[in-house]
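In structure tokens below, several structures.
In the two assemblies presented below, subunit A is common to both, partnered first by subunit B and then by subunit C.
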Partner chain A sequence: MDYILRRWRGRTLEDWVVDSVNMFLLLLVLIVTLYPFYYILIISFNEGTDAARGGIYFWPRKFTLDNYETFLNDHKWRIGFLVSSARTIVGTLLGVLFTSLVAYGLAYKQLIFKKVYFPIIIVAMYFSGGLIPYYVVLRELQLLNTFAVYVIPTMLNLFFLLIAVSFFNDIPDELQESAKIDGANDLTIFYKIILPVSKPLLATMSLFLGVGQWNSWMDSAYFVRNENLRTLTYRMIEIINQSTMPIDPVGSAIASSMNTTTTFSIQITAMVVAILPIICVYPFLQKHFVKGVMLGAVKG
Partner chain B sequence: MKANTGAISNKNTKARMTWKQFKRQVYPQSFVLLGVLFLVIFSYVPMFGIIMAFKDYKITSGVQGIFTSDWVGLKYFSEFVNDYKFGDLVRNTLVISFLKIVFAFPIPILFAVMLNELRGMVFKRIVQTVSYLPHFISWVVVLGLAYVFFSAQDGIINTLLMTLNVIDKPLDVLTNPDKFWGLAVMSAIWKEAGWWTIIFLAAIAGINPAMYEAAQLDGAGRLKRIWHITLPGIQGAVIVVLVMSIGSLLGGGLVGSNFEQSFLLGNSVNSDTSEIVQTYAFKVGLAEGRFAYAAAIDLVQSVISVFLIFTSNYIAKKLSGQGLF
Partner chain C sequence: MELMISKKKVSLLLIISMLVMILSACSSNSNSKSNNVDNTNAGSKGSEQESVPVELDIFVNHPWFPVKEWSGSIPQLITEKTGVKLNVTVAADDKQLPLMIASGDLPDLIFTSTELDRLADSAISYSWNELIQKYAPDFKVDATRIAINTAADGNFYTIRNNFATQEEWDASPNAIISPGALGFRQDIMEELGNPALRTLEDLENILGQVKAKYPDMIPLLLDKNWGSYYFKYQFGIPTVTTNLYEQDGVVSYFVNHPNTLDYYKYINRLYRNGYITGENFAFKDTLRDNDYVQKGLVFAEVDNVNDIDNMNSQITLGDNYKLTHLVNPLGTDTKYYNASVGWSGVFITKENSNPEASIKFMQYMFSEEGQKLGFWGIEGKHYKWNEEKQYPEILYKQGDSEYINSEAIGFWGLMSNSAALDIADPNYDSAKVKKAVKDTMVLVPELGLLIPKSDSEEGVILSKLEAMISTEEVRIFMANSEEEAEKYYQDMLAKAEQIGLSKYEAWLNKKYAEVKPLFGK
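Right, the complex of A and B next:
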């Protein structure tokens, strides 16, 4: 009580006004950011045909799991979900392993040609040939229209490569030397010693690469034609584009006469499904944020 | 003569020494070389491949064809300048980028200052945690949310405003060329402002608290303290971030995403204002198969970007003695 009094005493009129206005505006920011997520969540749990009548703002009116059931039973959505999950798992694993392997090599003490390797990396970080020549290379490698196009070109993340190099440099040499005396070669040292002590680094990398994989859509839109390789994000683009057009043959009409869902309610359910994994890892992501954005800023 | 052979054998021993050293570190060397090989394939070949913009290139000739096909000089560049879309594309690219610098750049600074003025630590944490959540959400989902909220048929905003009789026919935000620029700036702010606030909050945290106490003793109120201590205190960070945003101006600056937005939020109805150089390059290249022409268009944008990076860095150095490189 005393503490609160002390904090409130001595507040001038200006303080009061500044605090109130500030509080109000930030509350507004909070609502504007959070409400869209909340809204699609409640709509995804509401009967689609009922939601089409409008007027749902705070709570599902006719609760149902139909939307999720239809989503999972729909061939296209299910494939999309599986492809997205698979690319996230495989792509993250490959990315983390390959990036840290290369970083381990670069962090090796007395590595000769170091002065050649680092400029090669920095130049690749800042310059690119743009999308068209890149596409030609993917075509040449026969990566187009394969699952590999999702996970191979993303194997080496240069930003995390540099972070990993500095992380490995900080690992005490004694660890490696004792293993060497025991006759371990560098590959063994890498996965028996370096990787286990680098768990925080690997966790951060996995989270960021995983989120990137899960969210990406451009490769699915441009490098893939096979309908069975489309990602969840691509499916969403497809369905939203269909329904944004003013002349809309299907419109938001009932998608299936079997149950209560509509195209719109399924689309919203897909969005919830696309956001859910991110929300789940969000607390962990957050732990590593500030460092990430600072380094990202330096990198530009 | 003697000195000569000495030099040669010296060279030989040096090479042999290097080779010996290399063999001793063959594992780490091979790891690194794998990475270099990867970069050669996925970064350097495309980088040199950009010369296709000056060549009569056909996709059927593969990567090799980039280097063997005939030169055509600036043919594709003049074709682009004479393209009937050229004016619109350049205008859209520049206008969207400048609007973002003007409107989206100050928001994270303002937001950081506001958060810093909050007294309740719990509320501050909540607001901050929530504010950068959209950064991790795919642009595709943001497109979906825009549709859910602004669509003329199902959009919650239109339904709400119609029920309340504020409007009598739905507002057309998503398929109206006049609304696209606003939509682009607003959605970029919604998605990225919270994320960039982190960097300014970190800068504010570096300000010596004693300065605030001293100012308070001298009778400076809240706003005065913000104006005379907080803002000058983060000036360095602001300049660095501003230089970066100008460097990546054509990509959308700080909030980036010009490409994603034009591609996802753009459609055939609003393409007059939504189509930018990069999405056009995509379209003529990958959808219409005119690869060399598309590469030339892309190159125009890259050259302007590189020019902007160096210019903004130069200006920043002149103004504040501090640049990025």
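Right, the complex of A and C next:
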């Protein structure tokens, strides 16, 4: 407290001006970033036809929970939530574990054929066979229409593999050597020494892989036909699609004669239901990005 | 010791996650297997229509389709009648079907309005003529429908919906079409003293008065698509179902139509006078204009006739803000060229587990009873026939999408409905608009068949023409003077010629000579 007071007392006019401008700009960025989320939240709590009138900026005008009731009473959405949660947990866990394990192997300095592996990884990272060959591969592996199609193809993330390799390379060899002297084998070193000091890496990977798993809807649309395996984001896309009119005039006339549009509030609520759980995870992992766990690990 | 526990934890975690994956894979495999068994068993019984319905997977290639399940009283009754139950998958986007075709992983049935050429292939789909001959010899399809659906190999692989022969139109005098329409604020019209609105000039005058009296208001707003469709129709230019017209035996593209320049000049004049905003031409989607109308910022709106109704049902500012339909056409030379050869059809794929049940199912859906059940619903529950005025009177709340979707009213009828089955309640204003446009309808299905394959030379020319015109048109609309608009129009024609308009028109006329005899012309 004293420190803060001292800092504030000793400030010059220039400090005040610079800080004020900084704060103002950052506040502006904060509002621009957060307001869309806030906006969809209030619209989702507003009555559908009333929201269509517009003019809602700060509070719901006609508060209702009806929009949420629609989703929570629908078993498809409940199943979607379970599937999305399961794929996020299992997929992230497997992805982080497998990617870091492979990365640890590749970071090993005496690894033979090291120069062969990296070009393969780089090429595979930038070029893909395209959707159809990918689909055929999944079919040959019997992965189509199974839960495994969500988690197995994402087990090895090449981008994070490279990041993890460079991260592991930066860990001082002395850490591993000292463990070896104490009698630990490679797996023990990995689990007991390397992973604990790699928390920032693991947290970053978990967050990105987790968000990727949660947001993914294309695999649910293309590779799965079992309605009980559909994800939450797929259901969200379904709702949004209902309001997308066909481009061809005959089709659009037919679609509009069927009056298929869903209210904006329902669409927005679908978005809130689909993104809120993952937004809640962010604050808990965010601190790991800035934490320098490695600082002071080795003294000497 | 600690190390051991940690190792155990990690191993346990791995084992659990592997087990979860294996179990989930097994369970869905066993599911799909048991489904297949069911299908085969039921398939053999399908023709006898026993209590176990044949289950068929259908892929609906219409992402907007709100019915995702085979549930509700209409599907139930269809299952009772046909012994077929559908497992529905609705497309998430337009890439899904091409992926399925390319990978060969197809469901039993595909309901689509795109990829028709690729599906009309004996390697991918069963031809209906073959299946009808084998399993449903009493399924009679009229010659025109066969003609317009026959593929290059001489077979027909689907019969598209939303087509009607001249006889069907004649037999159903109250049948309507869903055109573009103009809706205006009646309260403002009354404040202006209810001026006459019978011609395009009248419209200009009224918009001028609105602009003078209500400077903050947008006098006229156009839907991204239906705005141009509506005004082209007023000038007698082909639109909506075709961009082609025939004059003295020669088929031409609409840019060459004698009234096209007048149409461009008219829209340009509306823009220059400030009756249409420049922003209107930048709308990227078809819902943008709805926002303005719902906020009460617009005097007149041009949109699809049904969209105006839908918009009205969502306006909550008050009845004054609702739009009144303009029933009469404004042009002197209005003509609605109906070149529809159908819109969407069901394909029976080679992966189909029960082609016999599938074709018999389609036979029922195409029967008069099946069409009415699918399109109008159950008589006495969803509609009753009004003997006096000859139209189906609906027995549920119009626009109650929750009920309509849960009962699947109308949606499965789209697999087979004749266009002449679309009969609206004449008491609604929108029905009067539809009827008025239908009265100007000219049936030209032969023009609807003049569509080049997308990968052919003509197909490439056509897509380049469409892309060029969509940008050039905006230049014409927003020109600073009538002379400038005319100059831009001539520039556009020159560009069209460079792209290959003459070549495309030559192909059109060659193809036209081939298809004309199919319609006895």
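To be clear about the criterion, the second predicted complex is superposed on the first by the 198 of 300 C-alpha atoms of A that agree within 3 Å, B and C clash if a C-alpha of one lies under 4 Å from a C-alpha of the other, contacts with A are read in each partner's own complex, and residues count from 1 in each chain.
Here is the rule we go by: contacts are C-beta pairs under 8 Å (C-beta built on N, C-alpha and C of every residue); 3 or more make two chains touch, one makes a residue touch a chain.
The structure displayed is predicted, hence computed values, not measured ones.
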Using the touch definition from the top, say if A:Arg139 reaches subunit B (first), subunit C (second), both or neither. both
Once the shared chain is lined up, is A:Val151 touching subunit B (first), subunit C (second), both, or neither of them? second
Looking at the overlay, does A:Thr88 come into contact with subunit B only (first), subunit C only (second), both, or neither? neither
Is A:Leu101 touching anything from subunit B or subunit C once the two structures are fitted on A? First, second, both or neither. first
In the overlay, answer first, second, both or neither for which of subunit B and subunit C A:Tyr191 touches. second
Based on the superposed arrangement, let me know which partner A:Asp50 touches: subunit B (first), subunit C (second), both, or neither? second
Just checking: does A:Gln176 make contact with subunit B only, subunit C only, both, or neither of them? Give me first, second, both or neither. neither
Quick one: classify A:Leu131 as touching subunit B (first), subunit C (second), both or neither. both
Output check: A:Gln242 vs subunit B and subunit C. Expected answer is one of first, second, both, neither. What do you get? second
Common interface residues of subunit A - those touching subunit B in one complex and subunit C in the other: 52, 54-55, 131-132, 135-136, 139, 187, 217, 222, 237, 241, 243-246, 248, 251-252
Would you pull the subunit C residues touching subunit A in the complex into a rising list? 3, 6-7, 10, 13-14, 17, 20-22, 24-25, 28-29, 31-32, 57, 62-66, 68, 89-93, 95-96, 99, 102-103, 105, 107, 113, 162, 177-179, 225-226, 229, 239-241, 286-287, 291, 294-295, 304, 306-307, 310, 314, 316-317, 340, 343-344, 399, 401, 404-405, 410-411, 414, 422
How about subunit A: which of its residues touch subunit C in the complex? 49-50, 52-55, 76, 86, 90, 93-94, 97, 131-132, 135-136, 139, 142-148, 151-152, 184, 187-188, 191-192, 217-218, 221-222, 225-226, 229, 234, 237-238, 241-246, 248-263
For a test of understanding, state which residues of subunit A touch subunit B in their complex under the given definition. 7, 12, 14-15, 18-19, 22-23, 25-26, 29-30, 32-34, 36-37, 39-40, 43, 52, 54-55, 57, 98, 101-102, 104-106, 108, 110-113, 117, 120-121, 124, 127-137, 139-141, 153, 155-156, 161, 185-187, 211, 214-217, 222, 233, 236-237, 240-241, 243-246, 248, 251-252, 264, 267-268, 270-271, 274-275, 278-279, 282, 285-286, 289-290, 293-294, 297, 300
With touch defined as at the start, can you tell me which subunit B residues reach subunit A in the complex? 18, 21-22, 25, 27-32, 34-36, 38-39, 41-50, 52, 59, 62-63, 66, 111, 114-115, 117-119, 123, 126-127, 129-134, 136-141, 143-145, 147-149, 151-154, 156, 159-160, 163, 174-175, 190, 194-196, 198-199, 202, 221-223, 240-241, 244, 247-248, 264, 267-269, 281-282, 285-286, 291, 294-295, 298-299, 302, 324
